[in-house]
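By written order: A, B, C and D. Residues from 1 in each chain.
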Amino acid sequence: MHIGILTGGGDCPGLNAVIRAVTLALLNQGAARVTGIRRGFLGLLTRDVVKLDEAAVAGILAQGGTMLGTHNRCDPFHYFGAGGADVSAQAMAYVRELGLDALVAIGGDGTMTIAQRFAALGLPVVGVPKTIDNDICHNERSFGFDSAVAVVAEALDRLDTTARSHGRVMIVETMGRYAGWIALEGGLAGGAQVILLPELPYRLEAVAEVCRQREASQGYTLICIAEGAKAQGGGLTVARTLADSPDPLRLGGVGAVLAQQLQPLVQSEVRSTLLGHVQRGGSPTPFDRVLATRFGYAAAQRVLRREWGCMVALAGAEIVSVPLETVAGCSRPVPADHELLAAARGLGISLGV
Amino acid sequence: MHIGILTGGGDCPGLNAVIRAVTLALLNQGAARVTGIRRGFLGLLTRDVVKLDEAAVAGILAQGGTMLGTHNRCDPFHYFGAGGADVSAQAMAYVRELGLDALVAIGGDGTMTIAQRFAALGLPVVGVPKTIDNDICHNERSFGFDSAVAVVAEALDRLDTTARSHGRVMIVETMGRYAGWIALEGGLAGGAQVILLPELPYRLEAVAEVCRQREASQGYTLICIAEGAKAQGGGLTVARTLADSPDPLRLGGVGAVLAQQLQPLVQSEVRSTLLGHVQRGGSPTPFDRVLATRFGYAAAQRVLRREWGCMVALAGAEIVSVPLETVAGCSRPVPADHELLAAARGLGISLGV
Amino acid sequence: MHIGILTGGGDCPGLNAVIRAVTLALLNQGAARVTGIRRGFLGLLTRDVVKLDEAAVAGILAQGGTMLGTHNRCDPFHYFGAGGADVSAQAMAYVRELGLDALVAIGGDGTMTIAQRFAALGLPVVGVPKTIDNDICHNERSFGFDSAVAVVAEALDRLDTTARSHGRVMIVETMGRYAGWIALEGGLAGGAQVILLPELPYRLEAVAEVCRQREASQGYTLICIAEGAKAQGGGLTVARTLADSPDPLRLGGVGAVLAQQLQPLVQSEVRSTLLGHVQRGGSPTPFDRVLATRFGYAAAQRVLRREWGCMVALAGAEIVSVPLETVAGCSRPVPADHELLAAARGLGISLGV
Amino acid sequence: MHIGILTGGGDCPGLNAVIRAVTLALLNQGAARVTGIRRGFLGLLTRDVVKLDEAAVAGILAQGGTMLGTHNRCDPFHYFGAGGADVSAQAMAYVRELGLDALVAIGGDGTMTIAQRFAALGLPVVGVPKTIDNDICHNERSFGFDSAVAVVAEALDRLDTTARSHGRVMIVETMGRYAGWIALEGGLAGGAQVILLPELPYRLEAVAEVCRQREASQGYTLICIAEGAKAQGGGLTVARTLADSPDPLRLGGVGAVLAQQLQPLVQSEVRSTLLGHVQRGGSPTPFDRVLATRFGYAAAQRVLRREWGCMVALAGAEIVSVPLETVAGCSRPVPADHELLAAARGLGISLGV
C-alpha cells in the first residue's frame, strides 16, 4: 500500500508525534510506502510531497508544529474561500499519479469534511482529530490540549507571585472562541479564583465582587478568561473601544477589555496578559506525545485493516473508531453539568455568574 | 462535621492539590471543621495535627510533596513493623478527643488497609488513591504519575542530544518495582528505542542486537528500564557485582548493571543514569493538578453524602467509587495485551523479548 | 545591630533570594535582629513589619515575587505623588520605635532616592539594585533579568514551531520602555530574525523587507520588539488606532500595532503576542538565584562593616560598592557600540535600521 | 577564505549555538565557505565533512549536543591513545584537499593542544573554550555550565519537596571530577545545606553533624556533592564497597557511597541521586545561548582579522583573546578564597570542613 499523510488547519503540539507514529507503524507492519503531503490539501495542488521513512521522522517526536506544514484555508473544493472554484479533479489527478491508496488526514472539523469529499472521489481516508481547543465531537481529549493547558498554568503560576507581591488583579486570556476547555483546565491547574468561559456568559459585577472580597482577604485575584467569553447583556462588546480594529482579538482581546471595565469597580490595579500563539507552539507535553502516538498507531491499524471512513477518537481510556460523517459540523462545548464546573464551584472558584 | 485528612506512604506530586481540594470543597459546602493529621497515621499517636482552612491551603496547589508530611511505615496496628504492638486504641482515643467524624485517607494499598481497620473501630473513611507507579487496582490513572513520566521524558530528551553527539547507548533507570507504567509511558514519550518492564523479562541479547543494528544506522540508542525489570533466566542477578551492598538499588541499580553487561556486546560506549527520587518530587504537572483536584473534590462529595468505606477512582473519563476492601492487597501491572505495548511493538520499539 | 529590609518598586524574580541571603548572612555573622518591612516604604507608615529569621526565610529561595510585598509609588516624602505631603517624620518615628540601626533597601532608582533621604534623617542604608530591565547605572547585570530573558526565549521557541508550520510573521512584545536589554538578549537567545529596541528607532520598510526576503527562503520570520521601541519619524504613533485607550500599552501594545502596520506590506499572516507580567513573575532561574544570593551576601557584609550609603553592584565578575548618589536619576540604555549589537548585525539579524 | 569548524571532547549545551554563530558571522561578513568536520578530528581522517550555510544551521540554536558530532579520544598525533601512531600527515593531506585556510576548534584543553599542533603544520586556528565543568584557564564562564547548573538546581528543587515530606537526607551527585563549580553554583541555586567539592576534602562527621542538627529543626537536609569530592583521610575510598567495579563512578558514585557512610550516623533515611549525563544534554539555557553566540561571533571576527593562535574567552563582561599556548595543561579549580565560598559560609551552608 502507498499511504499519504497530511496535516490541516491550525497547528498544535503533537502533530509530529502523530506523523511519526503513523509512518513507523505503517512501515514496520508492511505498508510499502508513506508519503507526506505538504501544507495540508494545498500540497495536492502544488504537487509538494516528501517521502516519509524512519530517517525522515527520527527526532520529530518532541518537536512542536508539523514537519509537513499546514494551511488554514485551503479547500480544493472551494479554492479559495466559500465561492471558490472546485479544483479537486486536479488534486485527484496528482493522487493517482502518486499512486496513493489512501489518506491519513490529521485535522479538525474542516479537514475531516474535505477528506470525506475526497473519499467520495475514490481516495479512502482515516481521520485523526486535531484541535487545540479539545472540542471535536466524540473525542474526549485531543493531543495538544494538555500542552496548551500547561502554558496557561505556567503563566498563572508566574502571575501568582507578582499579583501577590503587588496586591493586583491579574487577567490571563486563553484560546477558546467557542469552547472553554483550555480556560477551565488551565484556570483550575493554575489556581485562578475566577474562570470565565464562552459557555457561561458572566456578570461583570459578580467578577468585581470576587476581586473586592479578596482585596480584604488574600489581597490579590487571578482571572482566567477564554477569548470567546462574553458578558451577560453583551457588556463586553468591544465596538467602541476598538472601533478601528478589523479584528478585536488582535488588539488586546477580551482580557484587556475586561481589565478596563473592571478597573473602576475595584481598588487594586488590574493587568491583563494575552498568551496568544504561545499556547499552540513548542514541544508537546509527555502526555500529548503519548496520546498522539496512540492516535497515530490506531490510525495505522485502521489503514492496515482497510477500515475506511472513520476517525480515531478517545472514549474513556480506549481508542475507538467514529464514523467521519458524525464528526463534521459538530462541536463539543463544556456541558453545563460537567464535573469540572461542579468541582470549580465546590471549591469556591467563581464562574462569574 | 469535623473531618480529618492524612497522607500516607511515599509522597508524590499532587498530594497538596488533593489536600487543598478536599479542604476547600468541605468548608465551602458546609462541613464545620477540617483538621490535617501530620506524618500519616503517626500524627494520631504523636498528637500532631493542624487546622486546615482557606488560608492554610492557599498557595499549595502547585507545590510538590505534602504539607502534612507523610510516613512510610507507621501502622498503629503494628507499631512498628509486622510484629509490633497494637496501639490503635491510643490513636482512637485521640480521634475521639479531637471529635473527628470521619477521615479522608490519601495513600496506597497499605494506607487503605490501615484506614479500613480504623473504620471498623468507628472512624468512617473515604480513600483517595496515591501511587507514583500508577498501579492501584480499579484506578486507571493516579495523580503524580504524569509528573513522574514528565521527568523521565525530559531526561530522555536531554540524553538524546548527548547520545546522538557521541554515538552512545544511554540507559535511564526509572521507578517501578512491580509495575512498569512509568518506564512504558516515559519511554514512549521520550522516544526510547528499548523499553524494559518488570512484567516482561527481557533477553540481554535482544537488547544488544537493537543497539548493534542502530550503531549501523542512527548511531545511538536510548534504553528506558524500570527498576524492577529482570533478565530472562535471571541474568541480571546483581549478587556478584554488588556483593557488599545491602540494597542493590541504592548502589547503581539495574541500569548500571545492564550497562556493564551490555558493554562487551556492543561497540559504542554505554552509560546509565539513575533518576531516583527526582521522579517523585517537584511541582505537579497541570494534568496532575487537575486530576488531584478532581479526586479531592470527589472525596469531599462522598464525605458530605456520608458514603463511607469507598475509594474514589478514575474509570475512563469518570470519577467513580470503589469499595475499599477491593483495593487492599491488589495491584495493577501492565497487562500483556495492553494497547501501549502493542503500539510500542507496532512502531518498532523493542521490549527486549 | 537591628537591621530592616524592604523591597520597593515593581517585583522581579530573585527578590526573595536577596531577602534570604541578607537575613541568613546577618544572623549567622552576628547581627542581633532582622526585620522585614512590608510593601516597601508603606510599611513604615502602616507599621507593618515581620520578624525575619532562618525559619521565616526557609523555602523562599526559589519563589518568585517578594515575601515582603512591594509598592510602586509610596514615597513618604511625597505621600502620594509629586505634590504629596512629607510624612517622613512619621516613618522615622516608627524606625526609632523599632530600634532599627540601618536599612537594606532592595529596589531601583526611585527606591534608592528615597532611601538616601532617610539616610539623611539618620537611618543609614545599603542598597541592592533591582530592575527587571537591567538598566540601573554602574551595575552590569541585575537579578531577575535572566529570568525575564528566559521567558522571552521560551516564547520565541514556542512561536518558532507554529510560525514555521504556517509560514507566518510572529511578533513578540517584551518589557523595556527605555532600555532594550530584554528584547536584545531574549531575541538573540530565541533566534529572532528582527530585534527592535527603544535605543534604535526602526524603519517599518526595513522590517517588512526582511519578512519578504524570508518568505522566499525560510518562509517565516520572528520579530522581538521592546515595548518602548519606536519607528523612525514616529510612524508607530498609536493615537488613531487606540484613541479611546488611556494606556496604549494595556490595549495590545506596540507589537499589535506593528502587526497591523506590517500586514499590508507582506504576504504571510502577521500575529503578535504580548507577554506582559508573565516576564516578571515566577521562580528565578538558577543564574538569578546565585546572583541574588551574591548581592544579598555582599549587602550584609557592607552592613556588618558599617559601610553606609553604597549600593552593591556587579562589575565584570566582581561585586563592588557604588555610592548611592551616583545611581539616582541615572539609567543604562544599550550603548550604540555594544558588542551584542555588533554580534546581532554580524549574524545577519536585523535591528530594523 | 574557506574555514573548517569542529567540536571535540565531551558535548555540552551550546555547541550548536557556537557553530551557528561562527557560520553566520563568517558568511555574512565575507568568508567564502564554511565546512563542518564531523566527530572532532576523526572527521579529518575519515574524510567526513558537511557544508555549513544558513540553511544548515537554521533551527540548531536551541538544540543540545552538536550537529557535527564529537569524539572523546581521537588525536591524529596519537591514533588512538598515548602510544598511537602519528597520522597527522593523512589529516593534513585532507585539509589541503579541502582547501581549508583555517580551523575554528571548539573544545577543551585536549582539543586546544591538538589544534596547536595542526597550526604548527600550517593550519592556523582560533579556539573556542568548551567545558561543562567551567574549568578552562583564563575563561571565567563557559557556555553549557549554566545549563548544567540549571539541571542540578531543578533536581534539588524536586528533592526539596520529597525530602521535606519524609524528613530525609537527600544527596545529589553532580559532575565535576577536578573542579567543583557545578556543585557549588548548583547547590547554592538549589538551596542545599551542604556542598562538597573536590577542592575541599570534607569530614564525614561534619556532614553528619549538620544532618543531625537539622533533624531537630527543619527535619531534612539536602547535600550537593561533586563526583570528585573526597573525604579527609581518604574515608570515601570506594575500593572495598565496590570491589568488583572497574569504574566506581559508573556504579553508584560518591553520592551512593556517602549515603551508605552517612546512614549509621543519622536518624533519618538517606537517599542519593546520580544525575549523570542528564547534566550535559538538552537545550541550552538562554544564558548559554547568548554566551555561545558571543563566543562564536568573536571567533569569527578573529578569523576575519587573521588573528591566529588564540582562544576567545570571557574576562569580566568582555570577550577577550588568550594565547592558545597558555591554555593547554592548565585548569581552573574553585580558589580557596572565592567569593562564592565565602558567601556559602556566611549564609550558614556547610562545606563539610
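Observations on the structure shown:
Convention: a contact is a pair of C-beta atoms (placed from the backbone, for glycine too) under 8 Å apart; a residue touches a chain by one contact, two chains touch by 3 or more.
In this text, all values refer to a predicted model and were calculated from it rather than measured experimentally.
Considering every other chain in turn, none proves to be in contact with both chain A and chain C. Between chain B and chain C, the least number of touch steps comes to 2. Of all chains, B has its CA centroid at the greatest distance from the CA centroid of chain C.
Separating the centre of chain B from that of chain D, both taken as means of CA atoms, is a distance of 34 Å. Chain A and chain D have CA centres that are 40 Å apart. Along chain D, residues 154, 157, 160 each make contact with two or more other chains. Listing the residues of chain A that touch chain B in their complex gives 21, 24-25, 28-29, 54, 58-59, 61-62, 140-141, 146, 149-150, 152-154, 157, 160, 185-186, 188-191, 217-218, 283, 285-287, 289-290, 293-294, 297-298, 300-301, 315-319, 339-340, 342-343, 346-348. Within the complex formed with chain C, the residues of chain A that make contact are 10-11, 13, 15, 39, 63-66, 69-72, 151, 154-155, 157-167, 170, 240-245, 250-252, 256, 259-260, 271-278, 280-282.
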